[in-house]
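Have a look at these structures, which come just after this line.
The same subunit A turns up in both complexes below, where it pairs with subunit B and then with subunit C.
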Partner chain A sequence: MEMKPLTRLLLGLVCLLVAIWLVAPTLVVVPMSFNENKSLAFPPQGFSWQWYQNFATSPEWSASFLNSLKVASVVAVLATVLGTLAAFGLDRMKAGPAGLLRMLMLTPMVVPGVVLAIGIYAVYLDTHLVGTMLGFVLAHTILALPFVLIAVSASLEVFDRRLETAAASLGAGALTAFRTVTLPLILPGILSGLLFAFATSFDEIVVSLFITNPYLKTLPVQIFSSITRDADPTVAAVGTILLLATTLLIGGGMLLLGRERKGRQ
Partner chain B sequence: MKPAQESKGAAIDLESISKAYGGFKALDGVSLRIEPGEFMTLLGPSGSGKTTTLNVVAGFTDVTSGKLLVGGRNVVGVPAHKRNIGVVFQHYALFTHMSVGRNVAYPLTLRGVDQAERKARVARALDMVKMGDFAHRYPSELSGGQQQRVALARAIVFDPPLLLMDEPLGALDKKLREWLQLEIKRIHRELGTTFVYVTHDQEEALVLSDRIAVFNRGRIEQVGTGRELYDEPATLFVGRFIGDSTVLRGEVRSDGASTALTIAGETVTAPRRIAGETSPVMLLRPEKLAIRRPGQDAAGTTNRLPGTIAEAIYLGSGSKYEVRLDDGSTAIVRSPLTGDSFGLGDKVELCFDGADAKLLAEDSSADATLT
Partner chain C sequence: MSASDPTNAPVAQPAAEGRPGWAWRPFALAAPALILLVAVIGYPLFIIVLRSLSEPQWGVQNYVWFFGAPVNLTVLQRTFAISAWVTLVCVIAAYPYAYLMTAVGPRVRLALVLCVLIPFWVSGVVRTLSWVILLQDSGVINSLLRAAGFDGIKLIRTQTGVVIGMAQVLLPFMILPLYSVMKGIDLRLMRAAQSLGARPSRAFFTVYLPLSLPGVYAGAIIVFILALGFYITPALLGGPRSTMLSTLVQTQVLSLLQWGRGGAMGVVLLVATFVLLALAAPVMRSRYREAGRH
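And then the complex of A and B:
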């Protein structure tokens, strides 16, 4: 249906407003990171790179950044492998028990983070996992798994299983058929699951606050403790870097996917 | 590479194969021998067991009991990917993430065929289905008919001794279907491979097949050439499923040599009888029935039945009439253009030679299955 010019204009304006409302709080961080004074005041005064420099040189900041990177990378791989296997298994199971199992595996998304954190903390105290890399990886994997499960399940939903039958008729055993036919076709789902898993772990704060200790902090924990201690604009610098990184990552991914889809049409 | 004689087509022996799903018998003792290089069609309505039979041969479905020999070897329990049988599906089943060329090369790659030979064989297979120029395209860029031809190339490129096709033209429109039927026939001739073809379309079966196996309720009713099935149906179901037919039912009187049927007061006779207790019906093909105006001289015909024209269809090459008989049943008559033409509601008489009537055992399922 053709829209009237006025309608189109109004619609555009509303969309712009919503977009600004959604993005503005994030964008406020960018100018603040260039503040000359050690304050988080907005609008900022002067211009300096010192907070970026601080982020790069301060051992506290770089250590926590590396920790987050390490934990998130391991979690992304672990959650993707487990989540993909789970999605595959559930897809091929009988409907009744599969539904129940799926619900069970999605509970970390539904259960309030604090409740989960208390539970995990209690268990970790007994098993001496507080403040350990393994502890972070395990806890974050629980939280990231549902995202992978959902993304891969959605891909499997549209995957035509008869292609596996066709592959078998052409001489492919079950594993070969999975590797050469199923996997490439559900790969977009797996990759988006991987991305979600990485992001989930990388910016997880609630559970992390419980299981952290002074010797092992992730980046969100470091940001939180820094901002509660003093108004350090390094936080804004970190925020800006993360904003840029995620924008590039997501944007690049969408561009890649778009080109691939175009190539196939 | 396989030895040359193996690519010439394998014999298939199904020996009393049964397949049960819980209490439901999808296949109930199916036995069938398919000769090497033969084009065999499994024909039947949906749910009759023809696709199950194909899946059993392909290895997609295991059997409850029975033996299945492909090229003399019992393959029951052998998984599908080790059977070396080509399969063409109704839904094409092309791998959408691979180009046409890679789709066709897929079975060769799995068999470790080296690149130079792979390339040559892919080109040859694509040429055979007239898709040689499309190797670099993706399946989503092709029409349904083109996709099915690629799927066919992929199923024959590894020289399987047996090719199975499960309603491969079912999703295509009529014109394309008819053209591809002739293509499939040509490819069968050129390859010399055994073809087993599943369809519910009896015309398609007649066009393509050396022989046809007619399935009904998990059993084979009859196996024969198209002509045998049309001229000498073994059961009422086969007679009704292949071609048009008129079935006459009435009060039966049978003496030693002939059978008489009384239908709404008129009696017709056939110079034969069938054995057993079952009450026979008469089956007549449309071209064996003649249509006359009442009282018109009809020398030479022994049997006459009055009726009313219920439908008149002009076919170009002639006319087809549906005639309502006085007992309420419908007869189908095909008459050449040269004959009289009749209009709706005309009172007519049907005449036929008793020798042309097939006497078959009554089978109430024959009507039910077709509707």
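And then the complex of A and C:
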């Protein structure tokens, strides 16, 4: 589209503002985490590592961090297995029932968090699942399932099923065909599903706030209660650590992917 | 809870495509996920509907109470108003951004895409904390304003603050569908319009804008629906005068132990969400089909 220089300049300026608006909140925790005072007022004063030390040594923070890691790891595996199986099932069904079931399985994405949270809380109160690992794993798995389903279904859509027929005609059983042909080809979809499932669980807050108790907190719950209690820069330190970890993880993943792609060519 | 039990049997059996008697296999594969779905989503939602109709006694008293109290109606109206504002802000901010993504080279595009994805890299709760740091009275924005010689403005605990924070969280859900529609628009159509004598602005409004509308619809519906159910951002950035429906549900259930009333509010929120989805589905499907035809 031909644009006048003025229009072009304005467009660039607006987009720069939008980009700042998107990114600034991500980065503002970094300077705050080195604050010398126990305050979240801007600008931060002095320089200190004390909030990182606090995160590493306070039992409250480290316990919640470990809980989140545990729950998210189990959820990632469970949701990936269930979601992949379901994606296969839906892929091999007639369009009618498949469409209906897919819609059902995506409902966790659109049901308002609080409505789901009070429902699960009600059921957990009756079944004594409040404040248990199992309770967190079950709730987070169902919230992570849609992401796995979407990721794996997308890979299955471009997967050529004649390859399985070819493997079968060469004498491979269904399991062998799946392991040696199908699985390697849809693995990227499964892995991205796994990653999404882990992230969903690690980040989940609304349902977690209801099914938590003082003995079992996940990291987001701990962060939330810290924010509502007082202005503790430990939260900023945690945010900075998480930001760094994700950056390394995603950067590493991109490098690996790039190398693999180059290797294949 | 063992992760392995649902994985056995179905996959391990020999290929039997098209053989009679094997039609149940796809359903067996989907069954574990469905069972969990029914147990952890279906049953709890059923319980909420049940309680809204049965506590303290059977009847629709909770719904009568909800729609009869002006306070509740104010909050309901505000929830829709805030969601509408958030959607509007997202459309206005996302439209030029998504357009620029289609108009620049691969390097700049990568940078623009990264800016959209970076917010997902930090935990959602931390992001809301960031907004507290930015918007509070001694926050970044007010410090900058004062340094520039202006008076500070009240942002935290106001509706404006809530809208700014929510729109930032939801903006990617607007930009991505918009971009995927815009990159499919054939720019030669614009040139054709201009060669036939249309000014650039007229070519934009009569050719480009209508073609990009499916993306606007898709993004707006997603943003609006997600905004309706927001809980954390309004809870931390808002004040008593910007309470949304989710907070009210939480108060009824956790603080007042009024499961019936809280449940009724939840059902109202749920029904609003699904009605919107149902209204949007056919519109979006046909629009997508139109957009795919070029």
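Criterion: the second predicted complex is superposed on the first by the 247 of 265 C-alpha atoms of A that agree within 3 Å, B and C clash if a C-alpha of one lies under 4 Å from a C-alpha of the other, contacts with A are read in each partner's own complex, and residues count from 1 in each chain.
Rule of thumb we're sticking to: contacts are C-beta pairs under 8 Å (C-beta built on N, C-alpha and C of every residue); 3 or more make two chains touch, one makes a residue touch a chain.
Here the structure is a predicted model, which is why all the values come from computation and not from measurement.
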Superposed partners subunit B and subunit C on subunit A - clash or fit: fit
If touched residues of subunit A are counted for subunit B and for subunit C, the larger one: C
Following superposition on chain A: angle at subunit A, subunit B versus subunit C, Cα, nearest 10°: 90
Touched partner set for A:A168, first subunit B, second subunit C, both or neither: both
Touching partner for A:G12 - first (subunit B), second (subunit C), both, neither: second
Contacts of A:L22 with subunit B and subunit C, given as first, second, both or neither: second
First, second, both or neither for A:G189, with subunit B first and subunit C second: neither
Subunit B versus subunit C as contact partner of A:M32, first or second or both or neither: second
Touching partner for A:V181 - first (subunit B), second (subunit C), both, neither: first
Closest Cα approach, subunit C to subunit B, once both complexes are overlaid on chain A (Å): 8
Footprint overlap on subunit A, where subunit B in one structure and subunit C in the other make contact: 165, 168, 173, 177
Residues of subunit B touching subunit A in the complex: 58-60, 79-82, 84-87, 89, 91, 93, 95-97, 106-107, 110-111, 138, 140-141, 154-155, 158
Contact set on subunit A toward subunit B in their complex: 160, 162-163, 165-173, 176-177, 180-181, 184-185, 263-265
In the complex, subunit A residues that touch subunit C: 1-4, 7, 11-12, 14-15, 18-19, 21-26, 28-29, 32, 40-43, 74, 77-78, 81-83, 85-86, 88-93, 97-98, 101, 104-105, 107-108, 110-123, 134, 137-139, 141-142, 145, 149, 164-165, 168, 173-175, 177-178, 199, 202-203, 205-206, 210, 219-220, 223-224, 227-228, 235-236, 238-239, 242-243, 246-247, 250
Subunit A-facing residues of subunit C, complex: 1, 3-4, 6-7, 10-17, 25-34, 36-37, 39-41, 43-45, 47-48, 51, 93-94, 96-97, 99-100, 103, 112, 115-116, 118-134, 136, 138-140, 143, 168, 171-172, 187, 190-191, 194, 200, 203-204, 208, 225, 228-229, 231-232, 236, 246, 249-250, 253-254, 259, 262-263, 266-267, 269-270, 273-274, 277
